[in-house]
Amino acid sequence: MSDMPWLSIMLAVPALGALALVLMPRGFARAREFALGVSLLTFVLALFAGLEFIVGNSKMQLVEEYSWIPQFGVSFALGVDGIALSMIMLSVILVPICLVAAWDDVPADGSRRLQGYVAWILLLEAMMIGVFAATDVFLFYIFFEAMLVPVYFLIGQYGGPDRARAATKFLLYSLLGGLIMLVAVIGLYTVGPGGSDGFLLANLTGLEIGGLTEKLLFLGFFIAFAIKAPMFPVHTWLPHAATEARPATAVLLVGVLDKVGTFGMLRFCLQMFPEASRWATPVVIVLAVTSVIYGALLAIAQKDMMRLIAFTSISHFGFIVLGIFAMTTVSQTGSTLYMVNHGFTTAALFLIAGMLVARRGSRTIADYGGWQRVTPLIAGTLLIAGLSGLSLPGLNAFVSEFLVIVGTFQRYPAAAVLGATGVILAALYILLWYQKIATGPRPEDVASTTRDMTVREKFVVAPLIAAFLVLGFYPKPVIDLLEPAVTTTLQHVGVTDPAPTVTAEGSEG
Amino acid sequence: MSGGEALLFWVLGPTCVLGSLGLLFARKAVHAAMAMALVMVGLGIFYIAQYAEFVGIIQIFVYSGAVMMLFLFVIMTVGVESTTSSVETIGGQRIWGWLLALLFLGVAAFGLGRVTFPEPVGLDAAQTEGTVTALAREIFSRQVFSFEVLGSLLVIAVMGAMVLAHRERLVPRRTQRELAAERVRSNSFVAGKPAPGVYARHNASDTPALLPDGTPAAVSVPRVLVARGQEHPVPYRGIDPAGDTPETEDADLPAPSRSATTRGEQA
Amino acid sequence: MSLSVYIYLATILFTIGALVVLLRRNTIIVFMGVELMLNACNLALITFSRMHGNLDGQVYTLFVMVVAAAEVVVGLAIIMSIYRARRSASVDDANLLKL
Amino acid sequence: MSVLETSAGLALADPSAVRAIEATGTSALAWLLIALPLLGAGLLLVGGRATDKFGPLLATLLSWGSFVVGALVVLQLAGLGAEERSLSVPLWDWVTTGNLSVHAGLLIDPLSMAFVLLITFVGSLIHVYSLGYMQHDPDKRRFFAYLNLFVAAMLILVLADSYLLLFVGWEGVGLASYLLIGFWNHNPAYASAANKAFVVNRIGDFALIIAMAYMLYTYGALDYATVHGEAGSAATTTLTVIGLLLLLGACGKSAQFPLQSWLGDAMAGPTPVSALIHAATMVTAGVYLVARSQAIYDLTPDARLAVAIVGAITLLYGAIVGCAKDDIKKALAASTMSQIGYMMLAVGLGPIGYIYAIFHLITHGFFKAGMFLGAGSVMHAMNDRVDMRRFGALGREIKTTWITFGAGWLAIIGFPFTAGWFSKDHIIESAFSAPGWQGWVFGLVALLGAGITAFYMSRLFFMTFHGKARWEDDAAPHESPLTMTVPMMVLAVGSLVLGAVLYPTGVLTGWLEPVFGHGEAHESLIPLIGIQVSVFVLMALGVALAWLRYGRDEVPVVAPVGSFATRAARQDLFQDEFNETFLRRPGAGLVAGLEVADNDVIDGGMVGGTSRGLAGVANVVRQAQNGFVRSYALTMLAGIVAILGAVWVIQ
């Protein structure tokens, strides 16, 4: 079984599922069940693939390589390291959850609308798996851009009232970044060894390009990833897109898709352009810290809860980038772990907020108040999700945020201290929000028939909260998965961890 | 270049230039077309003079004959009279057009002046068996593929023209019965519009009929003539018709309020 | 006097044709301007044919005439349909192809 | 084993964590201490309404179960030699990456077990009390779940063997505190109080995180064993910075100056919560942190001095505020602040003060919890009213409460031979024995604080239980049920005799000495007997003054305007006004400004400007695209001319 092309199969299953949905007759009644089945099948496949993966081995695994366009040096090459595998796992876990959460988003009115909706989600899943698994730079670029298509339609066709503008804004931003990256991708090929597999990542790392070329190529990739991530000051598309998108779409957009940005920084910027990365580090660190604080401050100011969640994500992405560019094992492990954790946290925040919106019909925070007395379970789970968002120890996000801060401190104490103020601000934006939503007397204008969490919604929330607790108290399996990949990255960059100023001898650890 | 040919050139050349200038300055399209035909014929003669008899004949027959006739047909359909105002609407178009054209002429002429043309070889050797035979050999041997392609191009062009000129009916054609029924229903011209030209002195369709009270019925004049302003006014009770446009058009209408709809339908 | 005078004449005719296209607004006249330019080229081709003593120029002239005929057919049909739609023969009235 | 020479010139034992050996026997089951209440919290929260019936009882039982386990562990520990009373219970490999390796594990030593006993005992008593107090609350189950959660988190805090695990408990108690303060959050003010507590605490947590980052940077580890064992190898500046950061963390949790503002508002929570969390246990976590980090503080006199100064300031601050409050719970809260100030002062004094700080912490846990429960009983009697000006003469109506409260009162004012007398007098004596000017300043402050404490606690006692009845019409005072009074009685007995049991017998000193070492006091500035006499005199003065004004004289029902000092004290010395003016309002302005800036400058200006600029350029270029064929033809001609011209030029 070990020579099964696991990644290709995982890529093909949701893609074929999406195709099948499109080919089904109009008004296919079981579209949702079918899509859920496909996504669960993908999940099971990912589990099997995960079993094949040898934890602790820092090489690319589950490798597949086929010649695709040899004239241009493009291959269809897939492979995963710990970071990629964890991101793929995150995707395949979140997609079924989102499908369940989005069960009633689009009415089954006999038209093709519902089929289209779930088909786009499945297609997006395929793209996400592809983008994390691609080990050919050009293939990565293709997935990177192709991902925009499903999201564009998910927002533009199924989103809120201002969906057209939001979708266009999202597309323009992403395309801008993508095109800059395309230039860098082509430029990279010309400095690489060329040949029929000249775009393979393995052929492009460790090139020692040097000089202005390397800096320019680095910038080309970095700008694309910074827009995707999104970092201050190119973040403004995210709040808009996340607000207009359906909660499930927003989850996939913010929870998984944006991770491509930080993932790309790790995989491409740092590994292929180590010298330029070190050159850019001071600026990136400043931007990351700004993102942390700026995102948090703006989250406090928001009146729309989806916007608020989007801004918290900007703050959290600041932490992730900070950890990546602090370039210590601790901080980068923290960042990669944060990428996983943030996926779950944001998913819970968006989906639970979505449940509230579905009941109240408004995203404005001021329209709520006292909902702990209307829907105690939703309010309670919202609080748990929020506490995860403010990195309460014992819940998932804490470990990663802590690792980022202490890891960064080893090299950039000032940045770590400034970034850590995000901890205080996080308490403010989450708790003030929760206070406005859930506390206070029972609202009088809410129908007494408003239902608390339904069984379907419990199935959405339960796995997420389970993930919070497991990752909070026992993150070791995930960390073991991530750390070898991080170590490899740091070797490529050529930095070593700073040793403790006091060399501990005879410590009992 | 023999003396005769030189004479021909210096007579016919300026004529062609004049003709083309006529194309440039003529107010009416018909005049322009005639000037164009002149140029074509002139060019045909030049071809013949240059030993390209077959092409020259084709030029005169096909171009001056067929193509220019086509132009004239279109001009007649579109309207011989339709002239466009000579006031330029695009800013700077006239100045820039002249400037660039003269510049082009200058650059091209200057360029030509610097070219040393070879001594003319003449076509005697090339078409010893006659122009037509030589051309046929050329076309059906070396250029046969181009020729075939051109043939299909022509067929496609014809089909394209048919498609373009064809007008799809949007509504089914109304039968006499329906038209009559509608006239009765709307109570307008139940008996049909009055025929024109019943006035004794003018038995032509550009003259309106006179109603029993002696007023002219404008509706009796075909609307194409009205649109071109070619209807022939008639005096009414001693008033000079030229300066008078009585509201006769509505005179037959059963009710003034109907006028708008009825006219709209007829337009 | 060499054959180059024919070329100069062709150049002058071509320029005038271009001017017609640029300055006249009646669609049909503009179209005739295009024809004039084509004919000017034909004249040059015929002259070159005579200069070089081979028949290629004449063959191309024939071809140009065929193409011109096809063009005229389609072009006039377009003019007709524009006129039908807009009741105008001015090229400036067909200006919707823009941003 | 090496013996560290500290700046104070004292002989210290090795930090207990360094000596820890793996636990066997009962101690190996120490994880049950945490697991039992955690299980209770989990069951009650997940089980939902199904557990409504038996939930509260189950939670109480689990809490007592935890106490039993704690007692068994202490028995085992007592059986070991003094130097061996330090056991570690490794649990699981938590976070290991790069040079950071944290294993979740428990450290069982006399210090942590002292806290365990206090927490589980007082906590369990308060569980029992709550059975009565919360009897009619519809959300009783949730309340008990939170209480259990708190006990579990507090036990994690004190049992942790690394700063990181301590931090889990640290935030865990913060969460429980947040949930319980906001338990009645249908009142928006209560919800705000909960938020305030959490956010202010977060500032402390921030400092704690940075402190941990600094430790990792310096020692490459976060467990007590490494950090404390290697403490001496780091530069003094490093230690001072870490010490100050830890102090800021402690200030947040223990409501010390300058992070004291949340405690008064925290009284929004149900009274058992105030007793357990905001008097007896959680707020003393800061003292625990400093005491636990003694290996660091011993080496940095500067940071220690800062601790003592913070303690001294808070001591007076709380005492002054306590004099003016009319809300019985807020007055008690102010008193808590002040008493924790004493403890901070004591730990700030270094080795001479640690034991007395912990001693005072334990006795305070008893008498303050007892008084809070008493206050709860009074509120129970008076329809949940808290305004003392509407009390008076309650002593006759609710005798049990009066007596138990009285016991606590005697203890806190330091009446000779009560628990508080033993612990507080020793702190004052230690303060006087601090070197140099510190002895005078801290000693006098502590002395003055004792006098003020006597005054405001007596004021509270007299206003509530003595004088004329100033009740509102609907008040019908009645004694509380047994579930409430029994815990009060137990705590009252503790308040009276605990000191005598623990100190003169040497139980406490003997128990804690392996942890803190033997602190030999400097020569005190004033003879011991002089201190004791002056403390007693001041106390008597305070009580007498309070009796004259609030026991004998008529107490106005509506608070008089009072002098500026009174008004200032009544408003917590303007702490909220300060925060509002200098922190919240500029913060809100900044946030609102940024929101506008983000929309207008970033989205509208930078990004939007670029797009508008592009659109403008496009608009200009678009003019060429005018739809006129002739225009296009002109450009074609221009192109031809250009090409011909170029050819010409090239030739």
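As written, the chain order gives the labels A, B, C and D, with residue 1 at the start of each chain.
One rule holds for everything that comes next: a contact is a pair of C-beta atoms (placed from the backbone, for glycine too) under 8 Å apart; a residue touches a chain by one contact, two chains touch by 3 or more.
From a predicted model like this one, the values you see are computed outputs, not experimental measurements.
Any idea whether C-D or A-D has more C-beta pairs in contact?
Most C-beta pairs in contact, of the two: A-D.
Taking the mean of the CA coordinates per chain, how far is chain C from chain D in Å?
95
Averaging only over C-alpha atoms, locate the centres of chain A and chain D and give their separation in whole Å.
Chain A and chain D have C-alpha centres separated by 37 Å.
Once you find the CA centre of chain B and the CA centre of chain C, what distance in Å lies between them?
16
Approximately how many whole Å separate the CA-defined centres of chain B and chain D?
That gives a centre separation of 99 Å.
By residue number and range, which residues of chain C touch two or more other chains?
Answer for chain C, listing residues that touch two or more other chains: 18, 22-23, 25, 92.
Where in chain D do residues touch two or more other chains at once?
Touching at least two other chains: 626, 628, 630, 634, 637.
Give the residues of chain B touching no fewer than two other chains, as numbers and ranges.
In chain B, 90, 93, 97, 100-101, 104, 108 touch at least two other chains.
Give every touching pair of chains, nothing left out.
Every touching chain pair, ordered by label, is A-D, B-C, B-D, C-D.
List the residues on chain D that touch chain A in their complex, please.
18, 20, 45, 92-101, 103, 164, 167-168, 170-172, 175, 178, 182, 185-186, 188, 190-192, 194-195, 198-199, 202-203, 205-206, 209-210, 212-214, 216-221, 223, 225-226, 229-230, 233-234, 238, 590-592, 594-595, 598, 602-603, 606-607, 611
Show me the residue ranges of chain B that touch chain D in the complex, using the header's touch definition.
Touching chain D from chain B are residues 90, 93, 96-97, 100-101, 103-104, 107-108, 110-111, 114.
Hey, which residues of chain D end up touching chain B in the complex?
Going by the criterion above, the answer is residues 626, 628, 630-631, 634, 637-638, 640-641, 644-645, 647-648, 651.
Touching residues of chain A toward chain D in the complex: what are they?
Listed in rising order, the residues are 172, 232-236, 294, 297-298, 300-302, 328-330, 333-334, 370, 372-373, 380, 387, 392-394, 398-399, 402-403, 405-410, 413, 416-417, 420-421, 423-424, 427-428, 431-432, 435, 438-442, 473-476, 479, 483, 486, 497-504, 506-509.
What part of chain C is in contact with chain B in the complex they form?
Interface residues on the chain C side: 1-9, 11-20, 22-26, 28-29, 31-33, 35-36, 39, 42-43, 46-47, 49-56, 58-59, 61-63, 65-74, 76-81, 83-84, 89-90, 92.
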